[in-house]
Structure formats: C-alpha cells, structure tokens
Amino acid sequence: MCGIFGIFDHREASNLVYLGLHALQHRGQESAGIVSTDGSTMYMRREMGLVSDIFDEEALQEVKGHAAIGHVRYSTAGSSSLKNAQPFVVEYSKGFLAIAHNGNLTNAKIIRDELQNYGSIFQSTMDTEVIVHLIALSHENLTLDRLIAALRRVEGSYSLLLLTDKEMIAVRDPYGFRPLVLAKLKDSYVVSSETCAFDLIEADYLREVEPGEVIHISKDGIRSYFPFKKVEPRRCIFEYIYFARPDSQVYGRTVYGVRKAFGRELARERSVEADIVIPIPDSGISAAIGYSQESGIPFEMGLIRNHYVGRTFIEPKESIRHFGVKLKLNADHETVKGKRIVVIDDSIVRATTGRKIITMLRQQGAKEIHFRVTSPPTRFPCFYGIDTPSRSELIASSHKVEEINRYMTSDTLEYLTIDGMKRAIGNGSGSFHYSFCDACFSGDYPLRFPWGMELEQMELFVKR
Amino acid sequence: MCGIFGIFDHREASNLVYLGLHALQHRGQESAGIVSTDGSTMYMRREMGLVSDIFDEEALQEVKGHAAIGHVRYSTAGSSSLKNAQPFVVEYSKGFLAIAHNGNLTNAKIIRDELQNYGSIFQSTMDTEVIVHLIALSHENLTLDRLIAALRRVEGSYSLLLLTDKEMIAVRDPYGFRPLVLAKLKDSYVVSSETCAFDLIEADYLREVEPGEVIHISKDGIRSYFPFKKVEPRRCIFEYIYFARPDSQVYGRTVYGVRKAFGRELARERSVEADIVIPIPDSGISAAIGYSQESGIPFEMGLIRNHYVGRTFIEPKESIRHFGVKLKLNADHETVKGKRIVVIDDSIVRATTGRKIITMLRQQGAKEIHFRVTSPPTRFPCFYGIDTPSRSELIASSHKVEEINRYMTSDTLEYLTIDGMKRAIGNGSGSFHYSFCDACFSGDYPLRFPWGMELEQMELFVKR
Amino acid sequence: MCGIFGIFDHREASNLVYLGLHALQHRGQESAGIVSTDGSTMYMRREMGLVSDIFDEEALQEVKGHAAIGHVRYSTAGSSSLKNAQPFVVEYSKGFLAIAHNGNLTNAKIIRDELQNYGSIFQSTMDTEVIVHLIALSHENLTLDRLIAALRRVEGSYSLLLLTDKEMIAVRDPYGFRPLVLAKLKDSYVVSSETCAFDLIEADYLREVEPGEVIHISKDGIRSYFPFKKVEPRRCIFEYIYFARPDSQVYGRTVYGVRKAFGRELARERSVEADIVIPIPDSGISAAIGYSQESGIPFEMGLIRNHYVGRTFIEPKESIRHFGVKLKLNADHETVKGKRIVVIDDSIVRATTGRKIITMLRQQGAKEIHFRVTSPPTRFPCFYGIDTPSRSELIASSHKVEEINRYMTSDTLEYLTIDGMKRAIGNGSGSFHYSFCDACFSGDYPLRFPWGMELEQMELFVKR
Amino acid sequence: MCGIFGIFDHREASNLVYLGLHALQHRGQESAGIVSTDGSTMYMRREMGLVSDIFDEEALQEVKGHAAIGHVRYSTAGSSSLKNAQPFVVEYSKGFLAIAHNGNLTNAKIIRDELQNYGSIFQSTMDTEVIVHLIALSHENLTLDRLIAALRRVEGSYSLLLLTDKEMIAVRDPYGFRPLVLAKLKDSYVVSSETCAFDLIEADYLREVEPGEVIHISKDGIRSYFPFKKVEPRRCIFEYIYFARPDSQVYGRTVYGVRKAFGRELARERSVEADIVIPIPDSGISAAIGYSQESGIPFEMGLIRNHYVGRTFIEPKESIRHFGVKLKLNADHETVKGKRIVVIDDSIVRATTGRKIITMLRQQGAKEIHFRVTSPPTRFPCFYGIDTPSRSELIASSHKVEEINRYMTSDTLEYLTIDGMKRAIGNGSGSFHYSFCDACFSGDYPLRFPWGMELEQMELFVKR
C-alpha cells in the first residue's frame, strides 16, 4: 500500500507535501520521496525510511518550487529498495516528468514484455514504469493526452499524481479502487490519498476525485475530464476495516465512525456474555468501543502496546522461545485476571498473532476468551494494491471458522458477516450508496488478469 | 528520567538486557547502552537513539558474557550527548566498574568541587560520576563496601545497578524515590526499573528492592543489606500519574488500575453533564475509561494520534502558523461535532498543548469542553529525577485554576485533589500503606539542597 | 579519462577485477564499480571514491561469479554523480547487460535526441547509454551482432567491455584512440586498459586489442572480428606524455622508457647550461632522469611532494593568500639555493601551477630557472576521452611561447617539438611504426563532429 | 610516531593548525585532532582518519578562537581508537587544559599504578594522561608551574604542546629525543614538529625548541625556561633516516641533504660494479641519488609506486599467492631487464618486503641485485617514540648480515656503518656537533627503564 500527496501553485509546496506525507505515514513506512518543480527544473529526494527521518530543513530546501508531489511506500519483505522508491522521475523527449502511484497494474507484465521486445529499457521493477514508457512512446502532443493514451492501455488500480514543469495531473482509475481526495488551501489545489492530511495543513476538503476522473491543474486553473469507458465503481472496503486512519473521511464517512458501527453490528450479530471488551490496539480500538457501547460490556485496555517497536527490531536468537507479539503487546494482569473477555480484532490473516495474544491473556489469568473479528473471513488475495499474502497463507481460505477457533485456542470465534459489514457502513442510507470491492472476502474480482497470469504477475507486484 | 535493567549469571545476558531496555524504552529515548562482562573483560556499547536502532545482532554479540546491565536515557534539550550516555564505565585501581543510575544527586556539585580541588579529573557532566570517584577514593577492600562508603556521602535519589567482573549490585536510596524491582529467571536474578520488562522476558517478579536496600548478586548467591540510616520512604507518586507504563506493577499495584481509579475519583469529585469522555492519548486513556465507567458518560477516541512522530521531526518554517500538536493529534470530526465533551489529561505543565487541543476540538464543532486533570496542579519542580521545568514555567505555580481555565479557553477546568489522588491509590487499604513524595504538587520536599544551591545545582542536572 | 578491466571464466573473477582496478586507479579516482555474473544473475557495486575505499571483503563477496568487468572514472568538476558511475547495467528484452566504456562518442547527442523523439527514456547523462539503447533496439539475435550494429551507428573513441550472463566482449574503436590490452591468466582471458594491471595479478600479456577489433570471449573460447570499415589507426600520444602509468607497456613500449627518451630528446633540442635538473613530481620524474643522463647535469629532487593530498582537501578561506600548489609541493631549500635549475614538466595547460612553482623556487633562493616541457604546446582540446579544458583555457592556444615564459616568470621556457616527440618514441624503428592522434598539439582531428556541433557536444561530455 | 603543531594569537588559528597538520601528515595517519580556545571556552574535534578527510569548512569553523594546537597520530595495529586520539582534553579544578604529545614516557606505568592506588580514574590507555593527572594533583598555582612539577616526575621522551584559555606552552624533554621547532608568523608564535609545516604557512623559522626548554607563550609575550636537570642531549638519528620529510630542516640540516650524504657515504664504503642504481620509493630516493652521483652509476626509477594504496586496502583471499608489496610497487621491465642493479633502501626491519622486491626484480629479468641500506642494522627496539617492533621481530638482532643476505636472495647486501652514518651527517663540522640517540643501532639507551619493567611497559606503549 502507498500514500500520495501533491500541491500546485504554493510558495511552500514541498513543506506542505512533507506535512501531508507525515499525515499519510501509516500508508507506507518503507520509503518516501518528494519531487518538486519551479517551472523549469525538477528537484527530487527519495530515501528509505520514515518521512521525518528523511527530510530535515536542508533536505526540504533542496526540493524547491511552487509545485510538488510526494509518495510514501509500504514495507514489503525483500523487494524493497531505493531503486523502487517513488515518485518515479524520468527525462524524455518532452522534458522531465514525475509520477506517484498508489495501486497495482494487472497487465503490467504483458505490456512490459511487449515494450522490451521493441527495445525499451526499464530502470526499475515497478509496474508504474510501464505508464512512463507508454507516455514517452505516445504520439500525442500534450502531456495530458499522452497520459490518457497511456492509461487506456493499462488495467488495474491506480490513484496517481503526475507532475511536469507546467502542470499537476491527478487520476483515479475507473473502478476507483484506491481513495483520492481533493482540497483547496487558499488559492492552491491539493490532492491526497486521505483527508487526514488536509486537516493537518488546514486545507478545505472539497470532494473525492471521482472514479475514472482526470483532473488537470495548471496556472490556467483546474479542469476535469472523464476520458475512460465508464464502469461501475468498486471502492476498496478494506480501507474502512484496516488501512485508512480513523480520523480520515473515506468515501464520505469518517473511518472511526464506520469502525464503531462494525463493532456495534458485531455485538448485535455475535453477542456473548462477558465481563470486559478489549481491543487489540491500535486497529481494534474503535470497533471495541462500538461493541462495548452496543453490548453494555465495559471497555478496557487489557492489552498495552509498546510504541517503540521500530522496523529494525532484531529478535535475539534466544534458544528457549520466540518473543513475537510480546515485543509489541503486554496484557495487564489486574485487568484480565479472572475475566470473561471479548477480544476485538479487525481481521485475521494467518491467525498466529491472535493465537499468541490468547496465550498471553490466559497466562495472565483470563477465564474465557471470545474472539470477535470486525470483518468477514479474509479468503482471497488482493490484486489491487493491498499487500495481502497469497491464498495459501490466508488461513480462512482453507479452514472453517471452527477450525480456526480451535487453532487460536479461543473459547469462541466469530466474524462479522458480509451483509452486516455493509449494513454497518450504512450504504443505501441517504446519499451514501456505493458498490464496493470486497474481493478479499467474496472472491468477486471486478477485474481479472489475462488468463493464466496470476502467478507470474504476482512477482511484478512490488506494491506501492 | 531513565530506566535501568540488569541480569546476572545467564548465558544470554545481553540479549535479555536488550529486551528489558526495549520494554523500558518509554523511560528514556535519547540514548541507550549495555555493558557486559564475561568474568574477565568488560564489553560496552552506548549510542544516541532508540534501543532497537542501536542494537542489531552484531552489536549484541559484541557485548558478551554472563552478566550485563543496561540503561535508557531521557531526551532533554541541549545537554544530551554521547559522553553522558550510560552505563558509565571506568577503570580504576581495582579493575573495571560500570554504573547505571536513575535519579539525581542533590549534593553532586559540592562533592565534585571538593574532589576537583584535590586533583580529581572528571570525564562527563553527569552527577553519577561523583559516585564513581568516591568509590575509587575509598579505602575499603570490597567493591560492596566501597560503594556503600561512596553512597553515604551523596544525597538525592538513586536507583542504581553496579557491575564488576565478579558481581552485580542493586541499590535504592533510603527514600526510595525511584522504583526498582527484583525478579528471577530460572536461576538468574534480574533487576529492573519496572515489571513490564519482566513480563517480556517471562521472569518471575519477586518484590521491590526496598528503599535503602543494597542487594549483592554474585556466583555465591544473593545477599541483602540495609547499611544506610533509616528514613521514612517517599516513593514518587508521579510514576503512577504519568511516567510508568500502564501494565507495570509499581509499588505493588498495576499502573493501569491506579489510573482508572484516578479517573473514577475525578468523576466523583468533579462531575459534569456531558455527552462523551475523550482522553488525550495515550497517557489519558486509562483514566478516561475510569471516568466514563464511573460517570456513565460514553468513552470515545475523539482525538486520533499519529504514531510516526519521530524525535527528529522538523517543523518547516511556514510563515502562516505553527503546527505543534496537530502533527501528533487530530480530532475526529464525526465524533466531536456538536458534543459536550469531557477531556481527560494526566497533568498540565505549561497549558499550551491543552489550549491547542481545545482550539482543535472547537474547530471540529465541539459544543462544550470540560477539561479534567487526573492529578493536582503541578506547582513545584522535581529535584529527584523527573525532568520537570523550573517553577517559572509551571503555569500552576503562578496562576489560579480559574486563570488557567481562561487561558486554555475550556468551559470548565478541574483537577483531582491531593486527597482524592491518595484515596484513589487506595493507600491504607490492605497491605498498601505507603508515604509518597508528592513534592511536585505540595512543595513538601523530603530532602532539601544545601542552602542557596538550587540554581547552580540545576545546571548539573543532566537527568538520567 | 577512465580505466576498464575484465576477466572471464575465473573462480575469483571479482577479486581479480578489484586488483586490476586498483592498478588502474590513476586513470580515474572519482568512482569505481564492478559488475559480475555467475551465468544466471548479475551482481553490481558502484560507488563514488577510490577502489580500496569502496570494496571491502564483504562488498567483494557480493559481486559473485566467474566473470566480471570493472571501471574507474576520472574526477571532473560538477558533472560527477553516482548516477553516472560505470559499469552501466540494464535489463532489456534479452536479459541483463553491463558496459564499461573508456572514450567519448562524438555523435552521442544527435543519436540521443533521435532516440528520445522515438520514445526512449534515458537514465543518465552518459554518452555510453546511447550504445545500450541502440543494442536494445537492434533486431539482431546475438548480443555480439546487436553490439556491432549499435557501434556502427556511433562515432568517436571507445575502448569498451560488455558483459552478459554468457559472454564478455572487448571492443576498440577503428582509430584505436584509447589503449586496450589482452592477457591470459592460466586458462582465463583478461582485458585491461593498461598492462600494469596484468603485472599485479601475474597474468601473461598477449597483445593489444587491435583498433577496430571485436573480441568475443565465452565458454566456447575466444574469437576475433573486424566488423568495422578500416581506417588508419590513430593511437593517443598523450597516454605516453601524461596519462599512462610509467611501468605500463602502451602500444608496445613501456611508458617510463618513452618518457626518458622525451627527456633525452629535449636535452638535445633545448640544451641549457645549469647546475641541476629537477622534475615536477611525479609525472616529470622519468623525463628529468632522461634529461639529466643526456645533458650530464645532476638530477635532484628539488621539489618534495606531500602524498596525502586527498580529493576533499578544503583550502581555508585565509584572507592573505592562496596555498594552491604548496599543499602538494615544497621546494628543498638546501638543494635549490643559489642554483641554476632546469625544471622538467610533462605539459602546460593554464601555466598557473608552473608559475607558482617558479615563485616557490625563487623564494628558496634559486638563481636561474629554465622550464622544459616534454611535449609540444597543448593548443587544442581533446574530443576523444581526455578531459582537457576548452581552447580558451589552454594558454598555448592563444599565446606564444615567449609570452608564456614571461607569464611564468621563468628565465627560459622551451617545449619539445612534434618531430622530436615522435623521434623519441622511436617510431619507424624496428616493428614500431604507428600513426598517432596528436590533435591536442596539431589540431589535426582524425574525426570531426557534425558541422556546428562542437559546443553543444561538449556539454554531453561527461568524461569516463 | 606523531606530529604536533600549535599557534597562539592568530585570528585564523585553527585554519593554520589544519594546514600545519596537513604538512605533518607523514608523521601519523591514524587520527588527527585540533583543540582551540577563544579565551573562555575550548573547542575540540578529533577523529580517526586523515586531516583532509576529518576537517571540512564546517568542522574548521567549529574550532574557533585565536589559539589552537593539533596532533596527528601514527597508525599502529590494534591499539588505535578514538579514545586515544589527541589532543587530550580535560576539565579540572583550574579549568580546561589540552595536551598534544609526541614521545613515550618510560615510567608511565609506575606512576599510573601509584595514582590509581590513590583513587585516580583514567580515561584512556595513553601515557600522556599521566601528565594530566600530575598537573591536576599539583599544589602549584600557575599552569606553568604545575606542568613543570608534573614533568619532573616523568621520564622518557616528550615534545609537547599544552593549551589553556590563557596560554600555550611548548616543552621538549631534556634529551630532546623528538624534534620541536619554533617560528613566527607576523606577530604570532608557531610551534611544530618539523619545519615543512612552516614553509606551507609561510612562517619564518626561528630555531629549535632546545632540549629541556619550556617556552611559555601568552598575551604577555614569549618566555623561555630551563627548569630540568641538565643532561647531554640525544636527538633521534632515525628522524634523518626515515621519519622526517625530506624538505624539513631537522636539527639544523635539511633531511634531503643528509640522506643524499648517506647515499654518497654508502657508495664510498660499499662500492660495487653495476649498471643502474634504483631506490625503493619514496623513502630511498634521496639516498639513491647520492649513491648514483658518488658512484657514477646511472639513477633509474626501476620500481614504480602506486600512490593510491589506502589504509583500508583489503587483500582478497586469493588461494594461489599473496600480493603484498605488489599492490604498492611494480618493477619496470624495460629498465631492469638484464641489468646489474644497486637497490637502495633506508632500513631493514623484518626483511620480508625487501625479499619480495628482489623476487619481483628477478622476475622482470634483473641480472644481479646488490642491496644497499643507508643505515646500520636495526637491532634494538626504540622506547622513545618510534614504533619499531620488539627485538624478536628485528631480523638484524638475531641474524648476521650474510644470513640476511641469503634470506633476501640478494647477490650482495651491505649496510652503512655507524661511523659512516655520523660522518655523513657531518657532525663536528662547523656549528653542527650534536650527540644523537642511536640506540636502535647500538643498544646504547640514554635512559633505562626501572629494573624489570621492559615487558610490562611495552603494553602501555600506545605510541603517539
């Protein structure tokens, strides 16, 4: 997963992108970058690490100019390297061009092979580079037209920002898989993955960039285009469940409220007699509050999180046992001892973490443990930008709920239903009636890969 | 503030100290260090930064041996440098010696001047070095006796660990200002500032190191001494309010429970009609849950925290305004809009952060804001190891509650009373009857500085 | 200027390339790189700095495999960056490919513009990248044929090494501007810019790679091709004068011997009555010995060199004066005082250094200074790989010898004649009869730029 | 070995020390440091590495003030660390104090033990620290008197510079083992290990600091003292043979001239019929020129040096053979082939390098090799500051010349005699009549260690 942020026509462009990326840091902690322009030259800084570690005052002064785009990238094992950091920048016949991309192109490998056969040379293993080559090869005159021509060739998910010395272009793919929102800061337009970045810089949130929309921002103002074939949008529902920040408005609702509604719905669907409700922090907190309010069972912070777990934490090769989740969480003895506990988690991937947490709670004296998950079983991998493991690693793709319960050693284990999840979102009520992509739960993929490509394609999946 | 951790006679000593320091990271993020011994040589690694950034597998392999002590140090502006990192190590006539110290010596400057006049040369600006010189100058034969002789000369607060090639010695000053606890991991003894470190390594918590106690651990086993003049212990009450981790048992109770009790007591003492109770995360969460449970007003996470705020965050010199607390917290619009809100904070120092939070909540539509503080007004600086600002910076030392309320722009502002705080701790009930140091609230300092020394002494206060 | 080195089919390939590059370090101190292959994957390490600083044991173990090529790059002001370090590596439709290039392509900009107009995207500002794109665009099947097709499009100077997972190819342009030599180490073939690298690894020198020759080395052995239109070779004469290491055999003669012959010839052509002959170290030493032997005037080291002048030396902004050459050289008082001195230098570029040296010698008491240069006046820039300044900066392109003498403040100044230089080389005698490129002295460029391109082209001249 | 440099009362003090240390870089490449003062505070920078790598403009601006001293330290295996870098700085009862020391204290361990028994704590393993403790313990009032009192307690060799906020003091031990010279730069006094540093900054050389002299420099001017018991000076003769830079005036003569005289004397004492004389560069060059001039045998550079051999060069673990000296030197085939060669070296330590050079020359076709050494056999270790190996490693301490010749595989091997060496220096002629320390050749140590201390003392020998 990744986050993108851009601003056009502001004298502190890169400072604001820096702040915006800081607010989007939860969308990617592996690498970050800012590319800016002063109308003639382009300036770039990309590094591995957190936004606040990469950019100091000096670094920010180097990315000069009135327009800038930025990118934070998720940490995935192995395939991470500076070479794949974004924004991606190239010089081609029409000058310089920078792209920041959130999503996955599902036909990237086919196009890449084709282009290489014609003699193109690729610099990275990112699918984003395919778009850049298609832009360079286009015969159109304007960057906007070249970009549209390029995007007509690709399939998959893309919320992206393109920057040249003259313009910034924001695009969201026709399905609108990944979020993208628009705001105004005085006279400048700002584009971001999430609204929490607007709150920080005190920009006024205007609206979503619509699925299939291309927004062109330049000194001549802002113009909107819908150049792609229209399809029914399929916004990613997992942004609500796990990915987005609670204080962000996603698809028109704040995530905190949606998650509380998940918790309330879960309390209605899967009630149980218990003494306390505790979240797995931090992602389970909102839903646990909802569950507590609906069920009347007191909310407690029975698990305390150590916030200093860095990405580089080395687990010493202690012969006796592995520390795993204990480095991050500790159960509060006084709170859990002798209690019947509802534990709230947002989702279950491999079930190993949940199992360890349950062991930890039992060691501290918990009497009963009722594990409640605020989403349906995750049974299918995501091909549209979220870094879920392959099917074979998703426990729910091969095991029944009762089997998972037994593996986890919980007393009971229950998931929210797909219907309950949608009910909780409140879809259909008022102005809120969207169709979502819930492929990770249902297997209903809006967009298939060309036949037989799944496996090979996966290798090209350097998520961004 | 600082945290210390040590283990004797375990073949993975430095690995366990590493884990222990990780669990104590909240007590100091500026620098960290481990010193170990294999019975002949001493090994050391000290660096600026977080435990998980400083120690990788290679670094841990370098600090060899069966015994090790470690230290994390709090980040204080300016005076921080590698030279002042701990454990402090010296070679003197009897061999090598390492010390890790949590606390402040109140007569350090007098002794230092005296020693320098006799020709002693100091390497650092830490008061801990005074102890080391006194040890080197002692005529006693055993390290234990030299240490006791040295400590008889110093005044102030000290929980400390001393390591030689043959022994580990744990000491807590007669007043017991700072916490220090003892555990057993199979056959090895472990000493730590807090019990949360024991939970991580699965050591069995035995008891507090008593105020005035000296514990000597060697191949010959463990022995306890009380060589100092007996005084009435004065444990630091602020550990409960802010400093210790919620899941730690401090002075026999888990902090989470005490903080919830603070919240409950506050609800009783300072009730108000409101729609929601929200904590200032993370320190206010426990108390807010208590307040909610006692008052029946729903608990909500109305303020969302960005956990990626590094110590190096640079605030760009934006001309318009300062971002301050917004980099760390954002108010959830849907949750706070139109609501009467009780905001729970652990303490108020300068009141500037609280004021900004209130502004942020009002901007998101909060209707009423009732600020509730789970401690009495902080009116006096701490001379015993907590890095509070001088009196002139403590707003409560010069302003009445009503004045602070006006400055903060809250609708109402109320503090917990000293009596309520003690009631909440449950002192006197059961086996729990301690006298505490509450000098920061009451000005009742158990130990004064030599006349006229306050100001000068402060400069020597490089907290550790 | 640059140096290249490669070996095929040796189990310690990268170790040997490392040693080879160390021996070629004088040909470029800016950056260095090694690319290797084990027959399936390619491994790469390129960094700014000296070979011995970049590669430690760990770094060498990373560039695995049985075949490897390396490159050292000359430090030119401004345009130096890691992006332009070599060997240049790309992935294209036929797999991976690495190129190490010594020389300059004179029609690089024209081809680059053309390729960009067709949609190609360039990663660097190096002319070498043009070759790579032409290879990728070729319709030939074999790498060898693609390379030959690509080189048929380019003009200029190139001694180059190409590495794929299956083969190593060495090429020298039809004029043979830059040197390239072939050796055998047991069963493995080795290619290098100079023979001094063979001496170090104890490889047996076989012969020059001939001008216009393409040598293909693979598991199937070695094959030689001459696919280009034949022209009269024009080997660079400046390699003898300044660039190559004295102990290297260049074009069949050791440089030390040639330089001594330059000195002898100069003593015959430009004799003068004097007390001592001193070189400007280190480049003038060989010729000064020759001059001394021919003239009978004693050779002395009147100028002592400080060998610790790093590339990063900062000259403090001392108000009084600039230190310049004094950081590197000091005159020996006892040796030069009261003496009539012949000073031997290899060439004069701007004459500023020479002038400072003369001042220094006079300050130490030199009586007469007769400056003798072992090459003709350098009046024209080199377009074939040596980083000479533009014409306007070459003092000899706009001033007569007598004017230069006056500027330098020498008593007399004399250059070697073009005829004398060739006589000294001994051309025509025995098997040694070559035609040289002496364009920097004569202006007789074997290869012109397309009309009007000189200036623009120069900007693309990132020498390597 | 080490080099020291200081200047008092110059507004660019640290810039000039930087230049001075650069000129003295040959005396120590391991670490370098500058300490300066502006009359109130002290500023310091010490790092491992070369002067030009450690100090950039920013670093130099940090060492502010009108007075500064600096130190370069020799690279010795193992015992090198930042902790032992100089100048050594401490704060004691009288304020700050910095010392830069060249030499070795022979009774350091005894004093150190004594001081530690009294309770002193040492920071480093350097013998220099003993002086600092003695200064701190002195009851005298003035720094000058404290320093003199301290030095009266120590034995051994010391040329040193002491800096406080008010004064700079230069001292040379009564024997004057190590050089120390005084100059004036306009109104400022400058002190240096060698005169080559004066030439660089264009300071006017005044005279040696005399053996046993203490020079006090302050705003009140310069004063000279001779507070120590007078002994016959014993200047180190090895500075002429190997250590000092050829262009320096040492003990009143330039080293280049003395070395040429060694070569001439050697030609007279140990003549041989040969075709060429070649030096082992760079240290053998001066003497080889002298030998050539005296014998009439032509001087040639038959061995070419690679100047890019950094300290970090890693020799790959090539199974076949070790490269050793070949990384640094290569024989010029054309020059040595078929020749009878006189090889000139300054001294022989273990004879391994010489043996390898002879092998290399024979491989390139040398017919006869006559090895000539411009000093007598080195048979005894130096205890006064030069980092010679212990006796067991000095081949001449256990083998006869003929045995060494056989080991080296030379045709003949001859050394300069002790008398010849002294004759060459020209002692007794004119104003030049010094007694030297030639203990490394004769075993005649001017100063013995306390009985039985030799071995233990050696361990304290962290040369500086």
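Each chain carries a letter (A, B, C and D) given by its place in the written order, and its residues are counted from 1.
Definition applied: a contact is a pair of C-beta atoms (placed from the backbone, for glycine too) under 8 Å apart; a residue touches a chain by one contact, two chains touch by 3 or more.
Given the structure is predicted, the values throughout are model-derived calculations rather than measurements.
Ranked by distance of CA centroids from chain A, the top chain is D.
Rounded to whole angstrom units, the spacing between the C-alpha centres of chain B and chain D is 52.
For this pair, chain A with chain D, the centres built from the Cα atoms lie 63 Å apart. Rounded to whole angstrom units, the spacing between the C-alpha centres of chain A and chain B is 36.
Multi-chain contact residues of chain C (touching two or more other chains): none found. Counting only pairs that meet the touch rule, the chains in contact are A-B, A-C, B-D, C-D. Those residues of chain B lying in contact with chain D across their complex are 90-93, 113, 116-123, 132-133, 136-138. If you check the complex, the residues on chain B that touch chain A are 12, 15-16, 18-19, 22-23, 25-26, 29, 50-53, 55-57, 60, 196, 199-200, 202, 245-247, 249, 253-254, 256-257, 282, 285-286, 289, 292-293, 298-301, 304, 306-310, 312-314, 316-319, 321, 323, 326-327, 330-335.
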